[in-house]
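The chains carry the letters A, B, C and D, assigned in the order they are written, with residues numbered from 1 in each.
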Amino acid sequence: MKRSPAGTGENFGFSDAPSATATAAGGGSEAVMTYLEAISDALRTEMRRDPDVLVMGEDIAGSFGGAFKVTKGFEEEFGARRVINTPMCEQGFVGAANGMALMGLRPVVEMQFADFISTGFDAIVQYAAPNHYRWGAPVPWVIRAPSDGGIRSGPFHSQNPEAWFVHTPGLKVVAPSTPADAKGLLISAIRDDNPVIYFEAKPLYRSIRGEVPSGEHTTPIGKASIVREGTELTVVTYGSIVHQSLAAADRLAGEVSVEIVDLRTLKPLDTGTVLASVRKTGRAVVVHAANRLAGVGAEIAALLAEEAFEYLDAPVARLGGLDTPVPFSPPLEDAYRPDQAKITEAIRRTARF
Amino acid sequence: MKRSPAGTGENFGFSDAPSATATAAGGGSEAVMTYLEAISDALRTEMRRDPDVLVMGEDIAGSFGGAFKVTKGFEEEFGARRVINTPMCEQGFVGAANGMALMGLRPVVEMQFADFISTGFDAIVQYAAPNHYRWGAPVPWVIRAPSDGGIRSGPFHSQNPEAWFVHTPGLKVVAPSTPADAKGLLISAIRDDNPVIYFEAKPLYRSIRGEVPSGEHTTPIGKASIVREGTELTVVTYGSIVHQSLAAADRLAGEVSVEIVDLRTLKPLDTGTVLASVRKTGRAVVVHAANRLAGVGAEIAALLAEEAFEYLDAPVARLGGLDTPVPFSPPLEDAYRPDQAKITEAIRRTARF
Amino acid sequence: MRLTRTLDDQMIALWKQGRGVGGTFNQRGHEAISVGTGAALAPDDVATPLHRDLGCYLIRGMTPRRIVANQLGRAAGVTGGRDANLHGCGDLTLGIVGFISHIPQSVSTALGVAMSFAYRNEPRVAMTYIGDGGTTAGLFHEVLNMAAVHRAPLVVVVENNQYAYSTPLHQQMAGQNIAPRSEALGVPAEVVDGNDVDAVHTAAAAAVERVRSGGGPRLLEARTMRMLGHAIHDGAEYVPSGLLEKWKKRDPVVLYERKLLDEGIVDQAYLDESARRCREITEDAVAFAESSEWPDPAAVEEGVFAP
Amino acid sequence: MRLTRTLDDQMIALWKQGRGVGGTFNQRGHEAISVGTGAALAPDDVATPLHRDLGCYLIRGMTPRRIVANQLGRAAGVTGGRDANLHGCGDLTLGIVGFISHIPQSVSTALGVAMSFAYRNEPRVAMTYIGDGGTTAGLFHEVLNMAAVHRAPLVVVVENNQYAYSTPLHQQMAGQNIAPRSEALGVPAEVVDGNDVDAVHTAAAAAVERVRSGGGPRLLEARTMRMLGHAIHDGAEYVPSGLLEKWKKRDPVVLYERKLLDEGIVDQAYLDESARRCREITEDAVAFAESSEWPDPAAVEEGVFAP
């Protein structure tokens, strides 16, 4: 997998369509794709396979194909019945997805930006989330939420709101960091019988490419992945920050042996993999792009404080966005976000403790 | 302060009006009040003092005076202009409160139940919360959110959603556990120039009484309180669980010397008081009624794992609601909720570690 | 209707005796709406009834035993003790979708149900219920707007009972009727006397027929009065007693039984027998529920996720 | 209008040259609405303009320097580099409330502003703006409904430009006009030609007058066409070119300048001079912004809370 630095000033996702993706038929083969292309590929694969899968959201249909062009060409291939432009009413169209899912359809709803997921909040946290627990009827939808910042989009186009949903019983939450997982987790999410929120990282859309298995490739929900092995310290992270963490670890090669756990699924959390790694290394840095305060990282650190206590040789360091809205101007946003330098510093500090 | 056991089967807040509250004029004196009366008293005190304070919400006006009767008699005293019944549209009326607050009014908005705060979510987390950071205009409202369960009200009348708001930059969040703090924090919240969410614990409404200072009594926002001193273990908690924790500590008197920190304010957190206590005792149990997973308790435990690491003699135990919706039936809800027995067990386990 | 009334009365009695768990809603005044509309659906159709639609649950085949057991938090209740009273009393095998407290969510769910019928080209209809209060929520408008765009096979039943909890209509909206709002959003609407079960049924059946045959969504506004409090705890002292007196004369159950007698369709003996059977069924349901098991606390964490 | 056009064109040029930060919205086609309505307000009134209302910000006294500096993320921008483009460009001393991306939130905020005027018995008016897309959000209906109940001194300006981003009106709603929805909710409405600044201004002034004198809320639906993409990145290939051709002939700035000439109110020299001054002001603003300081990252955590 080739990484190019994030935040290059490229107008991420706001302009160009992804290059047309050739989906190889059948399994076995691989293709190099961007993260964005992998998402399109997953959707197309599932829509070809299962007539119950449909996509809906703002501006996703027609020649336009969505704010980030993920569904470009979809209406042409699948028809207006399965590719539905909605008015600007998140509460209403997530609600409609609830009803469709109850009837056995598999709607994949696009939020134009993850930031607008709060507008459909009740339909998600009050209706879909507790439904199976309450009366046993599954609500198998997926909400795709283009999240994360670093791309000068300001407080309302840069949010990482996953903690709200991890705290809410009944939702599954995934956040891929690679093209292969972007495809594999989306296919798994569509096939899952539960409501799944799929956080895709906008800064990765076109900045990373990687091998992606063709055809029906799935990544299991609920399984973290060790993306770098090491012995002295564990970084627990997910999403775009996986790449910042890998870069930091590379930079510290020879100085600290860093293991990196990419959570991939935020709920249900793969506590086994996290605990095994930290029990092995004895040191942990937890980091994500979302606001640090009461974020998902707090849950990880709390887990370690309770269940890896005897193995810990240093305080659990925790990094994340500051406790402020995501500011727009480059110097402010850079100060706001965790990055390679800040991660490097936290690893060093924790390793030396 | 006299406590009677919660969960007695009393139809908490669903039936009777609070006994008429005589607010002694001027300061200095005290009166014994229920938690509910203290809330009414705070509102009345501020409305008498400041003509910019008004209340709005569903069913709060007229002879009815709100689902829990907090504002009973208010329309009579303050007039329909200052006591506004709204239609059933949380997004709209919290939005209106945003505009009023921008113009310098001090709206106090009642959610009929905290569970419905998700319906006005955007108006809170997207509009009010970041406003001062963005363009410098304060949004000084208070949202009163009757929260918490244990009273057989089911998944939609028992929620404790404070973690969503603690995670969101720009909001203050308070959660009193005593009549005196119920009054003091509400008055402070009304006077604060920021949006403050005030979580009141329904199970405490009529089950606890206590001395409440008359007149303009304030409790500082951002200051925790040590409600029980001890030397061997710290319980960090808030809201109704303060009382369960006190009962557990009493029961363990002679066995473990327990200190109890009542956070009172959840944001901004009084990390100083929490850290000082745990650094002293070396052991911590964190407990709240809200869902444990990625709850406010996770933030506390993570704080301890990072900043009290060298002082900890045992894993940080964490209790909260299970990762399920709040079930309705008594045996299920009892299994769901942390209570005195579970807290006692966690204290013992942590003390013996 | 008689069963709805009897069961509702029975719940009130239970709660007054302290045998209830949590709260229970009142149905009185709404029987003709829930029964008249529910009866207009085919077995294959799907309804999303609310807290005043006990009649619809019953007519769709949910048994009093399961309903009362749910009210009392028992394992044999529809939700197995997880959700309260009629909340969450959904059963897809009966074409009933359970509601949540955040009431207007029902209408958007029903829209999705209707859209799924259109998606699969099935001649089925979704019927949803909402109160006057619920129609002041934005979501109600989002749904009517989308339903009109998609010509979804959806029937929206508005139960305009003049109050949302304690709040009278004039504090909720300018105007007395919801129908014009529906029309403006592109959904043809009709106002009907909600205390006349025949009128409700005729209008509902016609709406269902038009919707089923591809005519796009319809709204039916049934006007009535909630005759008791919002729920068991509420004495509804805020309702002018004259208003209740006036509406009491138009009790939907009494009206209908009188009409049946007047038109010679049934005789008094038939009505007496039917009332007796309703009491029997109701008492059986209560006895069943009260003697049935509480849910097992060891299973409290099960079923959050579908397997 | 000319300044609005010139400044907008300047932004487009800057972004095309890669000198922009983040994105910028397009104004072309909307000038007569934002200027005509903005000019109808008294200094003491309050507006909640949106992303196509540059004219309103200018007319209320927000300087091009502050606006451009905000677009470029500088400390001297209205938000000090915290919020992007016109987002958050609020200044209460100018009676301007900043908007958030969650667009319909503007209308409820404006309702609250209007209710605060009524609360204090001040003869002030709140004016809010919303697009056709925004009117499909439920919140729009909640606000009109409440405004009617409270007879709030609120003027709602709907900018019906036939598209929400890429989505044409017929996919957003059944029908072409928002005005009837407003009427049904109890808010009298008028439709006006959004490309004729005099018509807009006359209608807006009349609405403001009626509202100020206690007549309750009013809605003004201005019909126009968004002549460029949604924002700088969007080529708007989804808009049929014939449609743009048709509307191009009714360019609001050109129409108005032609009218001024035709009626002999100004001569060409006046227009040339005014165009020159607009360019000068605009260039000055850009030069100011580009040479001004970036915000200090050390202060990134300041001001989350009011002191």
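As a working rule, a residue touches a chain if its C-beta (ideal position, glycine included) is under 8 Å from a C-beta of that chain, and two chains touch if they have at least 3 such contacts.
All values derive from a computational prediction rather than experimental measurement.
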Report summary line: Sorted by label, the chains bordering both subunit A and subunit C are B, D
Query raised in the report: Taking each chain's centre as its mean C-alpha position, how far apart are subunit C and subunit D in Å?
Result: 45
**Report entry** subunit B-subunit C separation of Cα centroids, rounded to whole Å
**Finding:** 35
Requested in this report: Averaging only over C-alpha atoms, locate the centres of subunit A and subunit B and give their separation in whole Å.
Outcome: 33
Report summary line: Two or more other chains are touched by the subunit A residues 87, 89, 91-92, 115, 118-119, 122, 126, 130, 133-134, 155-156, 169-170, 322-325, 327
Query raised in the report: Residue numbers in subunit D touching 2 or more other chains?
Result: 79, 82-83, 87-88, 100-102, 136-139, 142, 145, 149, 171-173, 304
Query raised in the report: Think of each chain as a node with edges to the chains it touches; is that a line, ring, star, complete or other?
Result: complete
Report task. Write out the stretch or stretches of subunit C touching subunit B in their complex. Result -> 21-23, 73-74, 79, 81-85, 87-88, 100-104, 133-134, 136-138, 164-167, 171-173, 231, 233, 237-238, 294-298, 300-301, 304
Query raised in the report: In their shared complex, at which residues does subunit A touch subunit D?
Result: 11, 14-15, 58-59, 61-64, 67, 85, 87-89, 91-92, 113, 115-116, 118-119, 152-157, 322-325, 327-332, 334-336
Report summary line: Note: in the complex, subunit D contacts subunit B through residues 46, 78-79, 82-83, 87-92, 97-98, 100-102, 105, 107-117, 119, 126, 138-139, 142-143, 145-146, 149, 303-307
Report summary line: Given the complex, residues on subunit C that touch subunit D span 136-142, 145, 148-149, 170-175, 180-181, 183-186
**Report entry** Of all residues in subunit A, those that touch subunit B in their complex
**Finding:** 115, 118-119, 121-122, 125-126, 129-130, 133-134, 155-156, 163-164, 166-170, 267, 286, 291, 293-302, 304-307, 309-310, 312, 314-318, 322-325, 327
